[in-house]
Every structure is written in structure tokens, then in C-alpha cells.
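We just call them A, B, C and D in the order they show up, numbering each chain from 1.
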């Protein structure tokens, strides 16, 4: 009698609220893989969403691409996304969205409010990637990835490769981006992405646009402050300790030669603030381990001293790049993308409380001394210097 | 529709116990059960019909104003 | 001698001390694990964990008062104790106040449980259905008496500890102990406010009195009280430290349920995407254990107060009343913290200090009358 | 008057006794009453009564009866201690009419002698029944192949041979007005909890039913929670499983005419263990047991998880898989839960058909049926491929549960769980499992909590719940 009653009023409960709320069948949903946000005149927001066509993956038939783009405008982000419903037979769903691409003019106007929707909505996941592009953001969704089925996965793979191998950009997730947005002591950074026209190598002249991730976009609070090129982005990665891999080309010690390339495998960095005669100063220590990529110099690395010297020169090269970046950030862009403010707040909370109102003025005067230690673990399979090029060797 | 559901819920939760109590002749418990069901049903009805009954949170805050001061 | 042995021993009545501790701990922090860490961090930022220590010691004092009272009237559960100590009128009044407090705690916990599921998982489901889906298992457990509630609480507590033992190492990569760094950066003010949030909830450790007569002897009440308060405050402290070190002290301020947000953050580490389901399951189990205990105490209280013999028959008839109350607790999630603060401001001093002292005084007066009468 | 006549011992006067028995049993048609006189003893009139469809004709030995009569004439029937003497009778002077009727119908021969009250009983039951074969349902790869048969004595012999200990206790009881089926209650003194034994004995005694044709009747009448889908009484065809149960403190009930022996009290954990875990080495035993527990959990929750995740929590499925599922479900007209119900019911129908048909045909039907229906359902857009896989896996997983009655109850509970998954998604499933857990926690089998070694916790037995501790670790301290 006990159990029967328990199922009795459970069913009566179902009667109370017939139907199943917030229920969305798998085939009543339009899956979004990437979202691009542009800004039209008088501040209306244009949302372009790349929707996956599930059946395309199954039916062979005529070669229909697996995705199509849908675009709509609205006064706010949420309104714009809701307006997408007018064109879609199914309700759009961004639970599987991989990337959010912001156009330059959106970034310049300020991204604070736009991000609010993605933090509030229960559908958006925190591990989406945030990117900024120079031209129109919708343009990034047009080119077809050769290796991937849609833009979302393509961008995700590009970001992951940026972290592990090239470090040509500063990969940032929605969660990190919003944390730095909410923290007054920190200025956000985002990866830069662009569409590039490559003439088709087979020469038929059919130009197919490709997507490339290079450089980064640096913000001042929530407004775009400026762009960093590839090498600056890489040194920013070393400051923040985000990327693990990078390819550092070190000029030859003497004589002609293109240089020695060192592939970094893992980098760990930390910022230690200290006081130097009354002014805040920060020591940025980076410990990197790497291996020799190739040797296009006349040197002979078979001896240990040459190896130690190469390690020192690589470290010096990295320190120089990092110093150049700091100069550009402090003098031209005025954006604390490196996170000096966060380090100061953590180690000297009392001092930081007094400094924070004038941080914009103090920041350019903070002296940052990068200290890099590089350790080359292995020289690859060939040993010392094998092939001498040009003048028939010594 | 909701009211029907409420009625069904009241019957499903209250009736078996009430019947058992009446059968065993426990009038006092039966009385308590009946007023529990009645008050419950009225409270649920007032919520379903959106009658202007103040919520518990509001009454608590009103009572706590001397202690916490105006929020 | 090896081999098989008799595994099937007849059930021993009552509850073991360990089960009683787990039951009371979950009765305190069952629903608190959802909102308390968040609201404490909002108020006390990264020093929230110090608030837990302060609240812990504070409620040890109130618990001690209740225990001292219980020792004067051995062998009685909470409501029998109150009626015996306070006599007909005072006891009755105090019992009614206790019943109202238990009812509010019960319905408040149901509301927050339903709201957590609504906000994070099922945005379009009506709140009443979610509240009912949490209240039904709790009523079913309450109906099958305190032993089932105790066992459910024990399983849930082990589950929660197990889950945290899995989650914390997993989130080690995201963890930044330095975020706790500026300790007491802005003095004791916020810490006390943070402690205030928790004290209101930790005063529920006097629920131990309701279970004292149900524990298998030997019963050591003082040790149980300390264990309950330390475990409850310790669990909230662990959650505070963990939340602050993973997502910093600023972000939880902006989220309603930071602890559920952690599942996403840990998922961000691409380690385990499916953590939310596991975390949700245990949070609902914690919710149901808490509500089941208070529902059981509520019905027994009414039975003791009105001198009814059958308390089991009261469980289901009160279902509709409690469901309506829990749905009508607050209008929206933003109003909940203010209501919770009002609830704890109103009831913490009353339940924690006024009631025990009043009853102790009444006992003393009664003792003097009896001794003067017998002389 | 009629009642008292039943209770008094049979009168000395032979003719009255004959009349009593004749009007009681003559209408049966197969009961024979034959006057019997020994040559050497003209004065001794006596009467033989037996039921010839129960008694083995060849065993009736005239000479032995006459020799007995001779001895009885000299003095009170001295029981011949000479073993050479074939079927000696057991005299019972105080036998009442009702006992006499029961004995006759049980296949014994009664010798009534003039001038002596009561009767002498000769056991001449015709022994027929099938030989000891391998149990059909509970087969195992390793371990004894003997299965019980219908004859209770044979079953008890199979058990007794495995437990040659003085602490073995056997009590016979009779149940059922019409059938008076003998039921044997077996337990090990000192191992089984005396209170449990007393409760079992009491419950069997209190059975008021007209016929007991199989141990299933007894199971239903003595079980603890008739309203719970979970079985609190286990039944098995394996003598080694019964021996193991007795060693673990269970009480066995052997019902005459039924190859299933009941084991009470039974807890959930025992239903999930198979005797094979203890015959294989502990590592293999543990591995198969963990697999079985996983199978049981999947059989209960897999379809509802799938329905909940595909209907509500899309973010919990990795993107490529989600895309694939979306593609598969493209043409399916009804929601995931309807599709799940349809497929589950189809699978259950197939399973039931497989059992009902004769063995070779049955096997073929269930396998081919499954494949054909699955394939056709996908092509006809009735169900998606993902759902077919889920349903098939659930079906196979439910076979992993050793106790058939538990696997059926798990399959039954799956349907309400699916309904809750459809209404409240994963939250509904969690609430459903919570309700189930609370129900299990409140369940008791003969006073023993149903989730016994786990909750209330008995750490000394935890070695044998999920894992099977090696023997040298099992049962160290008491």
C-alpha cells in the first residue's frame, strides 16, 4: 500500500504539470558550431551563427557542405540570437559552440555587456574560445576548413595547436576572458584571427580563402587597445605562462647563416613583484625546456660549451623579445595584459589598495625585468654539425 | 487544470491516511489531518490563483526590519 | 579459521552514534552546500573560511546550552524535553516557535534545491514540479522513520566526501592557492558578516537533541555535538577554500551557484565533462536527506505537541501544505539571500540563546518549587 | 462429534476403525482396504489399508506381515531389530484418524490389528522422478553440475552430503489442506540467528492455503514485503548454493514436488552474487562480480540516462557524437521516450517468446528476431540506431543478473524511471533512484535489513560485497 501510493500521487503530480518542460528533442535543435558578433550602425548587434547540417554528414548525394551560416540583428545580444529563430525551422542551441568571434569595431566599442549574455545563459559553456578579427567577424565563418567539417572544430584545433606548438597567438577561453574582465586589476587579451587569400597551388587561379590565427588583441578594461603581431604575442604567452611550445630562431654567433631554431617543449613562468626605491617593479622568471630544431649556422655544437652558449643566447633572445613587448604595452597600448596588477594585488594587498585608482598612470613606469632560463634537453638524432653549406666548408 | 491537479494531489496524499485513521477510530489525528489538508489546499490554491498573499520571505524581512534595519 | 561466517544478523533497533552525527551534519549543510559558500564569499571574499571557524565556535556555545538542558531532562526527545521543561504554557509556546522554525527551514531548503536545478539544468520547468520532486522522496523517507533517514544521510555523506576527494585533485591544475593570499586584507568586518551567514545555519546543530534518545548506548552527547559542529563547519570551510582557490574570490560574487559552476570549470580542464550529473545527484541526495530529517521532526513535533499517538499518519497529509509553503517562499532567486538573512537574524538568537536559557530558568524554578514543596 | 473422532486414537475395535476409514477414504477409488489374517494365528483379525497408486506393489511382503502378527500376538509389538527383516513397520499406538488418512495418502501401508489401538505404518512409497540433471536456469562455468529434483528426500540428500556436520538441523512440516505438502526446514545450529529461524518456522506454520504445488506459493506467503518489486526470498536449483547459504546463516525450505529450494532471509547483495565467484580464484571472481554489478546498474538505468541526456542535457554528449545522434534521429516522428518504450517492449516480447518456444527454436527466435526488428526499425525510421544499441545493451546487461527474479524486477522498474527521465531529465532519474534507494533502505527480509552488509555498515563483511576477498582473508575474526 505504501509503494502503490508513492506511484499514485507521482502520476497525479505529472497530471498537475502535464507535458515536459524545457524538453528539446535531438532532431528539433539547430546545433551552432561558431558564433560571430558584428556591430551595425547605431549600435545594433549582428549575430552570425554557423549551423551544422546533421544529415549532410550522412547522405552522400550532391556535395552539400555540412554547415550553413545564419545571421540576424537585434538591439542586444540575446535579442539578436532570439531573432535567429525567424529564419531557422529549429531552435538554435549553442551548447556545443566552440568559438565566439568579435569584430574589431565591436571590440573597440567595449565587450563587457556583450559577454554578459554568454555568462548568464545556462547553455553557453565556459570552455569556448574567444577571438577578435580585424574585418567583419561574419567573414571568418565563410571559408571552408579542408581538414575539419566546420568552423567550430577548426578553430578549436587551431587554438589547441597554438598552445602546444606555435604559440603564435594568445589562446583565451571564455572563462579566463570574463575573469579578467571582472577583475579591475587585469586587462583582458584575446587571440586574433584573420581570413587570408592563398592562390590555389594547382594554379587554376581559383582563390580559396583560408583562416589563419596569428597575433593577439589587447584590451584596456573592456575596450580594444591594439594588436600584437606574432612575436609579441609569443612573448606575451611567455609572460602569462599559457603556451607551452614555441619555435625560437637564434641568429648565428659568427659568419653568415640563417640561424639556429630551438623548439620549446614546456615553459613555466611566474611574476614576482618587489620594491625598487619606492617604485613597484616586477621580475618575470621563465623556465623553458626545449630541443634543437635545426642548425643553419657554421657553428659546431658537439662540444658542451657550445650548447651552454646556445642556451644563453636563446634566453637572451627571449628576454629581448619580452622587453620589446613590455615597452610596446606600457608606452603605446597602456594595457596591463601581462597581469602586473594581479601580481601586485596578491603580494602587496595594502599597497595595491592605495595604488589601484592611479594604476593607469603607474603602470607605464613599472620596471619589468624578464629572466629566462632555457635548458636544451636533446639535439635530435644527428650529432654536432654534419652538413656544411656554400663555400665547401672549412 | 491546475486546480484539478491540486485536488488529485490532495486526495492522493491525504485520503489513504485519513481512511486508515477513521477506520481505527482515531478522531483526534483525523481532525489534525483534515485541517492540514484544508490549510494546505487553500495555501496551494491561493498560490495557483496568484492571490496577493505575501510570500514567506517578504513576511520574514518585514518582521526582521527592527533587527536588520531597512534593506 | 577462514571461510564463510553468518552475514545475516537481525536488525538492531535505534541508530549508531556515527549515523546520528551524519544525519545531523546533513540536516545542517544539506542545502547549504549550494548557497552558503557563494553568499559567504560575496560578503567576506577570500577570508570566508575564517568566518566558518568563528561560526563553528559560536554555535558550539548554543549547542552546549541545549545539551545542558537535555541533561536535566534525560531520555526525552526535543519536543518532549521542551514540554517537560517549559510546562504547559511556556513549553507549548516554545514548541510552536520551534515548529514554525522547522517548517521554514524545511520549505526554505526545498525552495533552494528546486531553484538550483531550475537555474542550472531545467530552465523552463515550473518551480512547483521541481519542489515536489524534491519533497516527495523526503516525505517517503520521513514516513519510513528515522532509521531510514539516518542510513540515507550516511550514504549521502560518504558520497559527498568521495565526490570531493575526486573533484579536488582533478581541479588541482586550476587551483591557485595564492588567490587566498591577502589574508584579512580588510580586517575582521567582512569575516564577521560571513560568519553571520553561517551561524544562522549552524544553530541547527541542536537537532542532535531530537536524536539523543534514538542512539544506541553508550551515548556521549558532548563528543557528538563537537563532531557535528566540526564536520558541518569543516565541510563549508573546505568548500569555501576550494571555490576561492579555483575561481577566485571575485567570480563567485557574480554567480548564484558557484559550487555547481565548478563542475563546468573542472570540465574546462578537458578532464571530465560529465561531472555536473554526478555533482547534481549528490546535491539532490543531500537536499533530500536534510528535508527528510526536518520533515520527520516536524511531524513528530506536532504529534508530541497535540499528544497524538500516530505520527506516521501525519507525514503525507502535510505534504501539500509544505509544498505550497516551499513554492511560495520567495518570488525569485535574487530575493532569496535577503529572506535567508532575515530568517537567520530572526531565529538564530531565539533558537540559539533565548529558548535554551528560558527553559533552563524554568527548570531551575521548577526544581526550587519541588524542593521547597518537599521540605 | 465428527471433530472429536478425528482427534482420538483409532479404536481397538477393528470393525469400527474399518468403518471410520472406509467412509473417509473409500470414495477416493484408489484406496484398498483388505482384511489380512495370518495362517498360524486364526484369532488375530487385522486389516491392511493402502493407496495403490502411491504404493509400490512389489514391496508388499505378505510373509513379513504375518511374522509381525505372530510376534504381536505374543506381546506388545516388539520392533524387530534384525536388519535382515525387510520393511519393518513403525508402530504408533496413538495414531488418530486424521494422521492415518495423511499417512495412507502419503504412500504408506497401515496394518490395523484387532484389539490394538493405532496402527503399524510401513513405508512402501513408489519412488519415481527424474534423475539428477544440470540446473537449467543457474548454469555456471565452474562448480558442481547437480541440480535439485522434485523428490524432497533426494534434495535433502544432495544438501546433506555437502554438510556432514552435527549442527545440521532438519524439521519436517506439512502445509496445505488439500495437498498436505511436506516442507523441510533446514539450518545450521550455531550459525543461523535463532530469531530468524523461529520467525521462518512460525511463518510456514501460519500458512493457511488449500494447495501448495510449488515453492513459489510458499515464497509468496512467507515473504516480508509483498508490495515491493524486490524479492526478499531467494530460490535456487543448486545444492551448493543452498549449502553456501546455510553456512552464511540462511534457512532453507525444501518443498516436496518442487526443484526450487527457498533461502530466507535474502539480501540484495546475495541476489547479485553467483556461486561461481567462490569457485574461481578470487581475482577472476572479483572481476566477474564487478562486471555483474555494473550490468545490473546498466540494466536499471541505461535507457533512462540515454532518454534524459538526448532530451534535456545535450551538453553532456561530446559534439561529434551529438551530431551523429541528431543525424540518426532525423526521421523519427516521436520523442525519444516513446521510441525507448517501443523498443523496450519489443525486446521484452522477443525475450518472452524465446523462453516459451522449445529450446532450439527459442534461441533462434530471440537472436534473429532482435537483429531483424532492430534493422527494420532503423530503416523504417521508427527508432534510431543509438536507441537500438542502448536497448540491446540493456537487454544483455539484465541477463548478467544471476537471480532471475531480481533481473525481472529491475526490468520492471526501468519503465517508471524512463517516464521520470522524460519528464524531468537527469533530475528525474536521480529522484527516481533516490526513491528506490529509500525504498530499499526501509525493506527488511525476516528482520535482516535488505542492504545488509553495506547499510547498516558491517565492515567485517565488506570484503565479500563488491570484491570477493581471497579465502585466507575471508572471515578472519568473528
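One rule holds for everything that comes next: contacts are C-beta pairs under 8 Å (C-beta built on N, C-alpha and C of every residue); 3 or more make two chains touch, one makes a residue touch a chain.
Given the structure is predicted, the values throughout are model-derived calculations rather than measurements.
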Pair of chains joined by more contacts [C-beta pairs], A-C or B-C: B-C
Core chain by centroid distance, with centroids computed from Cα atoms only: C
Centroid-based (C-alpha) most distant chain relative to chain B: A
Distance from chain C to chain B - Cα centre to Cα centre, in angstrom: 23
Interchain centroid distance [CA atoms averaged], chain B/chain D, Å: 49
Rounded Å distance between chain C and chain D, as computed from the means of their C-alpha atoms: 46
Residues within chain B bordering two or more other chains: 6, 9, 13, 16
For chain A, residues that touch 2 or more chains besides their own: 1-2, 5-6, 9, 13, 16-17, 22, 125
Residues of chain D engaged with two or more neighbouring chains: 312, 423-425, 435, 439
Sites on chain D touched by chain A in the complex: 227-229, 310-312, 314-315, 319, 322-327, 329-330, 332, 335-336, 416, 419, 422-425, 435, 439
Sites on chain D touched by chain C in the complex: 191-193, 195-196, 244, 247-250, 265, 267, 312-313, 316, 318, 423-428, 430-431, 433-435, 437-439, 441-442, 444, 447-449, 451-453, 455-458, 461, 464, 471-476, 478
Parts of chain A lying in touch with chain C, wherever the complex brings them together: 2, 5-6, 9-10, 13, 16-17, 21-22, 119, 122, 125-127, 173, 175, 178-179, 182-183, 345-347, 349-350, 353
Touch list for chain C against partner chain A, complex: 119-126, 128-129, 132-133, 136, 140, 143-144, 178-179, 181-182, 185, 247-248, 250-251, 254, 261, 264-265, 267-268, 270, 316
Chain B residues within the chain C interface of the complex: 6, 9-10, 13-14, 16-18, 20-21, 26, 28-29, 32-33, 36-37, 39-41, 43-44, 46-47, 53, 55-58, 60-61, 63-64, 67-68, 71
